[in-house]
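Next up: some structures, all given as structure tokens.
Next, two complexes with chain A in common: one pairs it with chain B, the other with chain C.
For the complex of A and B:
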């Protein structure tokens, strides 16, 4: 029973990724695209978890943490770039 | 015992996929960037936490393998996804993205 449900879940997540891709291509402003990319990273984590059940291996579970950390760092860097124009500041007095 | 845990895992998987799909539909259909951020950061976080919990339970029941990396991943997503949503929403406001036409209240406008 679990196999069928896993495949259904993968299809649903793929549809969700397609919807987010639509917003990534069309989105009128830059924060829209960043939000869509962040949600795509989260969906990618779900797909990695479901694939690790489907292949019955626990070697992919590091990938889950890695994608989560990378998506967070990327989103924070984009937010700071949009807000201040630079990511790492050098001025000491502000 | 196994049947009950299988039912629980299946329920968690379907709930997680459902929430991810709801998040994607919200990101497509909502009118401005703030409502889209509201949809994406809440529903996608709950969906991925349900799916990671299902994976954790699957490996615990089938293999007897207590996987602490998945619990760490759940805690990490629970902490960082709202923070990322807040940061990108604040960056959108400060870089001058307009709200929806029909929104009636902007408390942050007078703070500057």
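For the complex of A and C:
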């Protein structure tokens, strides 16, 4: 029973992923794409979590954390890039 | 290392000392110091005469590369000794002559004598080596030292041209010869010439026999300036005259003759040998003597005459090979050809050496070698005149000089060829004496030109740069010695017959010498009114008539097409080769990375596709494949879409984001296929590299930031599809043909028990296969340091760019 539910969840997540991918490809502006990418990261967290239940292993919990951090860092980086045109500023006076 | 080896190496050792002598003993001409060596060598080699006169030989071996069968084997028999005496004897005379010819103050003598000694040692090595590899080494050393000597006055264009030409041609021949030697040594399984000669009958039936023969003949013909390779010799006349006298008349150009003579015991049974050596030699003789007449430079005439005389000797060696087909000694007339070849070899060295020296004297004393500006020097330079008369008349084949005797023997051998019932000679045999006779007529004409155009006629002081007078005595010694030898050998030819000629001839045709016996060599001065004597009379009469009317028919040479010459062919082929290779290289080395990638991938597709097709390597076997789950399918679809987006994206930013999507999907694959460590790493790396791509994106220069749709190129698509297809095919085939079980069982069993870890991937990385990890770390450090260096180090523009530090 739980198995079927998990699989249905995965299918739904995959559909969501496809939708996000469509936005990523189409996405009229860059911020659209970045947000799609961020959402994809969150989706990935869910997929990894469900997969680790399905595969009956706790080894992927690290990955869930990592994806969360990376999605955050990536989105921030993109945001900064879009805002300022560069990610890491350096101080000229240094 | 025996004394014989040291004798070969002595010139090289001496050459190493010459620069010091030149520096320390500035008051004395360096040549005096050098002169000692060839004299000592000449005298010491004379002591071998009693040995070779008994048809014995001496062999001394020193190990060089014994594991490869390459030894430094010195071998003295009649033929070697004859050449050694020529090399050292004429070498001594040339050194003596050069002492007076080259100025002590103006010329860089140390170079001259170093090169000359190198050449002398190399030449000794060529004629004394029994090992073909050693012979080849010395052979190339003669080419190199000759190259250096020709370009002695390297600030002249013509010298450099001549040196390059002779280098290209002789090294070409030398490499061919090396090929021949290797083929021969494969056939006979030895590098020793004597051992090869011992198995000559077996070699004759070997399928590679003809190949080896032709390759070795290439070496001989290029070195000895035979048709069509003679073209380097006239251009080598830019060398100082002592060099021309030594290298290009007496020694180096005879290396080819030596080679042919040395390999006669191996090859001479073949009809091909007879035809190739005989006809090439004869044709060279006629062609070069014909061309010598039209030359206006004295050294040019002598160069062509050298080519012609070498052709004569070569044709005699070819004709002599017929001797091997007659077993009985009594009626073996054809050994006479070999004897004539050896005899003429000696004669040519004497008279041509003296003629070159005479030319040098004329050049030295008048400032020109152009026969159109010379004339009437008879009373001004009487000794030089006498010497040139002796040399030139000997060359023309007039009595009482030695050239007469060898020319008679040459004509006799050619006449006898016409009667030979071998190698289809019945039909073409008559051509030999006729061509030989025509060549002799032209030889007579140019010999007369040398004497009478220079010394006879009207004196034209206004055309000369210097006021001509007789040469200093020291300069005259060497030609006087040679000219005396010309007369001595002419009057008493039997001085040589059993001391030098017989042993040499016996080395060339060893198979017909009876055990312990000797060839019958008796050169008689007068042998009755024979055919060849009539031919000589004909040569003289026709020659005199033609010489008298030379101005009438010299214009005939203008009718020959001036463009169609071998020199033009040589120049044009060099030019074409250079232009051709340039444009060929230019056509494919476009400078665009794309082109090179096209070559690489096209090659990849062709080679792998061809191999799969030829070997029938494609297999498809689905027995050990896993079932496909639906998340794999979904993920593949995502991957495909993301990949396609990269390809068709209109902006670079979309491509970068899509690439990130691809990376993350791959990490999902890692999750599905249960590789958590890989997934972790992949995620982090993908994030970092996407950030780096963004960094690059920002720094791309404004102008080239063309965000247009990339041009769709069919070629690219085809190649991309091809590569994908090939890799897929190989992947499927490799998976379908698993020959052995994997070794992963070992790791599964031992990860905890032997290495004390539970994470198998990490245990493999740091324990079982930790060595790879170490160097991956090294790669990362190198990359990091490299990036740091690239960013910080800005050397162009004088380091002003370092403002960010």
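Here is the rule we go by: the second predicted complex is superposed on the first by the 91 of 94 C-alpha atoms of A that agree within 3 Å, B and C clash if a C-alpha of one lies under 4 Å from a C-alpha of the other, contacts with A are read in each partner's own complex, and residues count from 1 in each chain.
Everything below uses one rule, namely that a contact is a pair of C-beta atoms (placed from the backbone, for glycine too) under 8 Å apart; a residue touches a chain by one contact, two chains touch by 3 or more.
Nothing here was measured: the structure is a model prediction, and the numbers come from that model.
Contacts of A:62 after superposition: both chain B and chain C are touched. Between chain B and chain C, more residues of chain A are touched by B.
In the superposed model, A:51 makes contact with chain C only, not with chain B.
Residue contacts after overlaying the shared chain place A:31 against chain B, while chain C stays out of touching range. After overlaying the two complexes on the shared chain, residue contacts for A:1 are found with chain B alone; chain C is out of touch. When the shared chain is aligned, chain C comes close enough to touch A:70, but chain B does not. In the superposed pair of complexes, A:14 makes contact with chain C only, with no contact to chain B.
Looking at chain A, you'll find residues 17-18, 30, 34, 52, 62, 78 touch chain B in one structure and chain C in the other.
Contact residues of chain C toward chain A in the complex are 630-631, 634, 637-638, 641-642, 645, 653-654, 657-658, 660-661, 664, 667-668, 671-672, 674, 676, 679-680, 683-684, 687, 690-691, 694-695, 698, 804. Residues of chain A that touch chain B in their complex: 1-2, 5-6, 8-9, 12-13, 15-20, 22-23, 29-32, 34-36, 38-39, 42-43, 45-46, 49-50, 52-53, 56, 58, 61-62, 64-65, 68-69, 71-72, 75-76, 78-80, 82-83.
Listing the residues of chain B that touch chain A in their complex gives 6, 9-10, 13-14, 16-18, 20-21, 23-25, 27-28, 33, 36-37, 40-41, 44-45, 47-48, 51-52, 54-55, 58-59, 62-63, 65, 67, 69-70, 72-73, 76-77, 80-81, 83-85, 87-92, 94-95, 97. For chain A in complex with chain C, the touching residues are 7, 10-11, 14, 17-18, 21, 24-25, 30, 33-34, 37, 40-41, 44, 47-48, 51-52, 55, 57, 59-60, 62-63, 66-67, 70, 73-74, 77-78, 81, 85-87, 90.
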